[in-house]
Structures are given as C-alpha cells and as structure tokens.
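Below you'll find the structures, each written out as structure tokens.
Two complexes are shown next, each including chain A; its partner changes from chain B in the first to chain C in the second.
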Partner chain A sequence: MTFKRFVEIGRVALVNYGKEYGQLVVIVDIVDQNRALVDAPDMIRSQINFKRLSLTDIKIDIPRSPKKKTLIAAMEEADVKNKWEKSSWGRKLIVQQRRASLNDFDRFKVMLAKIKRGGVIKQELAKLKKESAA
Partner chain B sequence: MVSFRFHQYQVVGRALPTPGDEQPKIYRMKLWATNEVRAKSKFWYFLRKLKKVKKSNGQILALNEIFERYPTVVKNYGIWLRYQSRTGYHNMYKEFRDTTLNGAVEQMYDEMASRHRVRSPCIQIIKTATVPNDMCKRENTKQFHDEKIRFPLIFKKVRPPSRVLKTTFKASRPNLFM
Partner chain C sequence: MAPKKVRTGPRNPDLVPGIKKYSRSKMYHKRGLWAIKAKHGGKLPTHEPKQAAAQPDSAVPEKAPKFYPADDVKKTRAKPKKNNPTKLRGSITPGTVLILLAGRFMGKRVVFLKQLPSGLLLVTGPFKVNGVPLKRVNQAYVIGTSTKVDISSIDVSKFEDKYFMKEKTKKTKKTEGEFFKSDEEEKSIVPQHKKDDQKTIDTALMKAIEVVPELKAYLSARFSLRDGMKPHQLVF
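Take a look at the complex of A and B:
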C-alpha cells in the first residue's frame, strides 16, 4: 500500500472546499508543510491549504514557479483537460453536474428512458429463464 | 487573499519647528499595526525611546500602507524580534516561509503566542528581511528548498464542500487513505 499521488510541482489537484470549489489547479510551488502555491489558467496565483485539495493522477512537467504562459503551454501539451474529462473521476463529476442541471422536462425524459431500459432488460431475462428452464 | 490582521505602515514624522530649531530632523519608521491609528501611536512610542520628542510636540508628516511587491512568489522571511516573557526581555530570530511579509508576520505572532505564550502587545519587531535560500538558518525552512520536493499526503480529511451540508451522522465509515 505505497503512495501513488504525491504533492509535487506540476501535480494537478481538484479544489474541494471554498470559493474555488470544483476547479482544477496545478501545484506550482510549495510554501510549507500545509500550504502550496497553486495556479490555473483562469485564476490568480494564490496559496491554498492542502486540506482544500484532492490530488489527481495527472502530473505535468513544469519548473518551479513558472510564468503563466509556460504553465498554460505545459497544460496544453499534457492535455490536462481531455485527460481529466476522460478519467473515471472526471466523467463522474460531469454526470453529476448534468444531473443537477436537469429541468422537469428532462427528468420526465429520463424517467421514460429508464422504464424503456428496464423493459428491455426484463425481456432478455425472461428469454434466458426460458432457455435455462427448457 | 485572506485579510491580514497586521498591516505594514510607513510613518514619517518630526518634532514641531520651534524658534530654536526651524528645520527639525525628519524620521521615518516602518512598523506593523492592525490599523492606521495604532500605527501612529506605535510610531510615537518608538520615537520617544530614540529621540527627545513626544506626540504633543511633534507632527506626523505621512502615513502610508506598504503592500507586498510580489505576492505570488514564495519567499523565506527572517524576523528579528524582542519580546517580554514572564522573567524579562529576550531577543529572538525566527524564519517563516510565506508569500507575503504580512503573512509571515502574522505567522510569527501566532507562533509566539502558542509556543511562548507571548501576546502581541509584548512583541516588538526589530527587523524583517527576505532571506535567500542559502542563508536560511532553520532546518524547518531549509527542508522546503529542494527543487524536486515531493511528499504524499497521508491523511485525507473528509469534509462536505460547505458548512451547510454538514451532518452529524454518516451511513458508513469514511475512507481516510488518500
């Protein structure tokens, strides 16, 4: 049970508390044992406590405290956005946001789709039962 | 950025001109206070100890707040201070890693209160400086000077994303492994 996700320069993390909740940020420098300097393309570089960060598997290659341009270029090169949206954690977050933003008509459509899916599953199950009984 | 308890001010003052001394010497001090009123008061406190001038026969010429020049760069701050303990006055040198000087000074006040039970009125800041990496004295700050620093977070604190979503009881035990 060794550790796989380290706090290091270039580690991508998700903010899980506070004003920037839900943003992906990159650890750009380490202030001390409890705080890191983080940066993202659309926010001012600031310090944040590790308690507010959830580390991800993604790591990019940057020098310590890079310029904003270098950071954005490195993020493009490592394709952070796509990697995040394809990862299972990222996909789950996207689904959560989609479900939270449904309106009543969408929820009605979801209900119909669920009933249809349930019907198809029951048909297949009935077929399999008949085959195993026979 | 979080608002700081202590702000850095530059206070400039001199004695009032008298018939005997038309152009008294002007003195400038950089000090920390919670607000501007306290900064002026502190200025007279220190100046009284150094020169023969009081608030009643002096005037403050300028009072400006000093802001951090590079708040997005992590620096090592060395703070020299003089504090009053239960048994007498002592000098101390402390190092802090922070992005702003105000943040480091606030860390210093917090640490003096917790480690030595010294409250803020009993602390006088003699000098502050940004210390380059090779001149740092304390192991605690030197351990973060590694270019390739990395460490795991060993304990994941499970928190709801905001205080409104806090619940007293949970259905299952949380997984604390990162």
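Take a look at the complex of A and C:
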C-alpha cells in the first residue's frame, strides 16, 4: 500500500494529455504544489501540471535544473530509452503504435496469420486431448 | 558567406486583415531597393525611352477618332470556362487498391487503372478474383488504400467514356397482343469484345498481383468494419 513512484528531480514521466502526448520527460524542478518544470532532449523546457504526467519507475541522477547537455548525458548514462523500451509498459505502447499504423492490407495479413496460428493451436490441443483420452 | 535561407511566407505579413507588419520605409529596406539603386548608380534601372520615328512634314496629321466610348475603362471579358476532370485525390494513383463504398460491389477491393476524361475512375476487380468487371466509379464513393499494384506494363489507352455508353436500341412498336405479354427475359448479354478486353487486362494484372504474397486473397475478400474499428483513426 506504500507509494513506490515519487515526484522528485530526475523522475522520468510520460505525458498523458496535451500537445506532447506520449512523450517521455524528466522532472527537472518543482514549481509549486501542482506544477513541475519538465525537460526532454528534443523539447523546450517547460512547466506542466502533475495531472498531465504519469510517473514511471525510471529515475535518473541529476542536479536541480541541469543544463541541457548534463541532462542528455545523464539520460544516456542511465540508458533511459532502452530501459523504457524493455519495460512492459513501454513494450505495450510500442505494440499499440504499431497496430495503429497498420494499413488495410497489413490488417488483412494479420487476420490470416491469426487464423493460421489458431489452427495450429487447435491441432495441438486435439492431439493432446486424444492422448489424454486414450 | 552565410548559407542562403529559403524564405517561408510573405515578406510583409498581415498582423490583422488590412494591417501589415512593416511600414513603407521598412519595406523599402527589406526589398533591397537601396542595394538595387546602389548597383545602378543611385537610380532604379529603367528601360531606354523609345525614340519616336521622325515625321516627314508632308505627312497627314492624325485624324480625330469618330467615336469615344462613354467609359474610359476597358470592359473585362469573362474567360471561357474550361471543364477539367475532377481533381484526383493524392492517395489515388494508377495501380492503387481502392475500396468501393456503394453499389453492388460495396466493400470490394479493386484495382484502379486510370481516370477517364469525365472524371470517373476506371477500375477492375480483376474479374476472376472478385467479380468486379472493367467499370467506372466515382471518386467520392471510394477509399484509396496505400497498397499499390504495379500496372506500368498494362495498356489502358483504348478505354474512354464512350466504351461504357449504352447501345442505342430501336424501340419497336408493340402490337396489342404483345403489350399484355409479360416482358420476356431481356437479359443484356455482355458483348464478346468486352469479355475479351476484360481478359487481356486481367491476365496482365494477375501477373503483377501474384508476385505479392496474399494480395490475391486480399482482393477477393470484402472490407467491413468490425468491433473496435474507428474509421477516422484507421490508416488505409
């Protein structure tokens, strides 16, 4: 029941509302009770409400309000990108994006593949059932 | 020298409709008129004034015209209207797979061949794959997918709107007896030359289709919306 992800300087968060929807950002300073200063390698440092952030497990080691260079270096050291893409949350997002970008022909091919896979599974299941019945 | 920057947008943008951002003097500087003047020794370059031809003294003086129009302004004539075929959507190029949205072949995936001069799209199933013959279709009733078939080797130049016109049949007067007979099965038979045209186009198309795995099955299946599919979010 205790909290595990805290709002702190260096906490990596996912923006879940607004123009930067879906971007990973790092909390770089706290403005007040509701807002934080947030930064990412490819965006301009700006303030954002906590309600627009979803905290992740990843935390990096930075001083308060670091220079952009220091921030990028710290992110490289902590290997934020790879950690994110390997985490189950990150992987789910990647799959969602892939599925959304499928064109009509791709969706058709996926359907055929699913049917094929289902067929193979059913065959195996039938085999196992036969063996257990025997 | 600093690299040349490509200009994006007008030199003197509108702040509000009717009010420009820069004044006359600022614009003079921005347009570089000072530099042009400097290049031409302090003045803007002008064309040499045409030397009037020397008039012989015995020439008759110009006669005064008989008629002066009431208005000094020239009347502008309306430009003759040009009828162009409908602008083709960017996503529709020859060889694109289209999804038909209305009519007997609703939902069928079909190959686009070319746009006819009337603006309609010439389209074929191919007939063997999904039963859609060489057909004209309006662009508005079509979704263009991003799947393309290579039709560079197919010659569609002989197909025009005239090809699809109905044959004019002479109306024969019916005698009283015939009037009350039920209309016999007047099935329109597809003329042989159309069947042959279909065959030539289709054999050429099938070669291009069979190269791509699963494309034939894709074209023979119909498109439909399922649960969870949001058309405005789908990528076609």
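As a working rule, the second predicted complex is superposed on the first by the 134 of 134 C-alpha atoms of A that agree within 3 Å, B and C clash if a C-alpha of one lies under 4 Å from a C-alpha of the other, contacts with A are read in each partner's own complex, and residues count from 1 in each chain.
One rule holds for everything that comes next: a residue touches a chain if its C-beta (ideal position, glycine included) is under 8 Å from a C-beta of that chain, and two chains touch if they have at least 3 such contacts.
What you see is a predicted model, and the numbers here were worked out from it, not measured in a lab.
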{"item": "When chain B and chain C are modelled together on chain A, clash or fit", "value": "fit"}
{"item": "Touched partner set for A:Arg117, first chain B, second chain C, both or neither", "value": "neither"}
{"item": "Partner chain(s) touched by A:Lys67 [first = chain B, second = chain C, both, neither]", "value": "neither"}
{"item": "Partner chain(s) touched by A:Lys109 [first = chain B, second = chain C, both, neither]", "value": "second"}
{"item": "Touching partner for A:Lys86 - first (chain B), second (chain C), both, neither", "value": "neither"}
{"item": "Cα-centre angle that chain B and chain C span when viewed from chain A, reported as a multiple of 10 degrees", "value": "90"}
{"item": "Touching partner for A:Ala100 - first (chain B), second (chain C), both, neither", "value": "second"}
{"item": "Touched chain A residues, chain B compared with chain C", "value": "B"}
{"item": "Chain C versus chain B - closest C-alpha approach in the superposed model, Å", "value": "12"}
{"item": "Chain B and chain C contact sites that coincide on chain A, given as residue numbers", "value": "none"}
{"item": "Contacting residues of chain C [partner chain A, same complex]", "value": "97, 99, 109, 145-147, 214-215, 217-218, 221, 223, 233-236"}
{"item": "Interfacial residue positions of chain A with respect to chain C in the complex", "value": "100-105, 108-109, 112"}
{"item": "Complex interface listing, chain B residues touching chain A", "value": "1, 72-74, 97-99, 141, 144, 147-154, 156-157, 159, 161-162, 177-178"}
{"item": "Chain B contact footprint on chain A (complex, rising order)", "value": "1, 3, 5-9, 16-17, 21, 29-32, 37, 44-47, 50-51, 54-55, 64-65"}
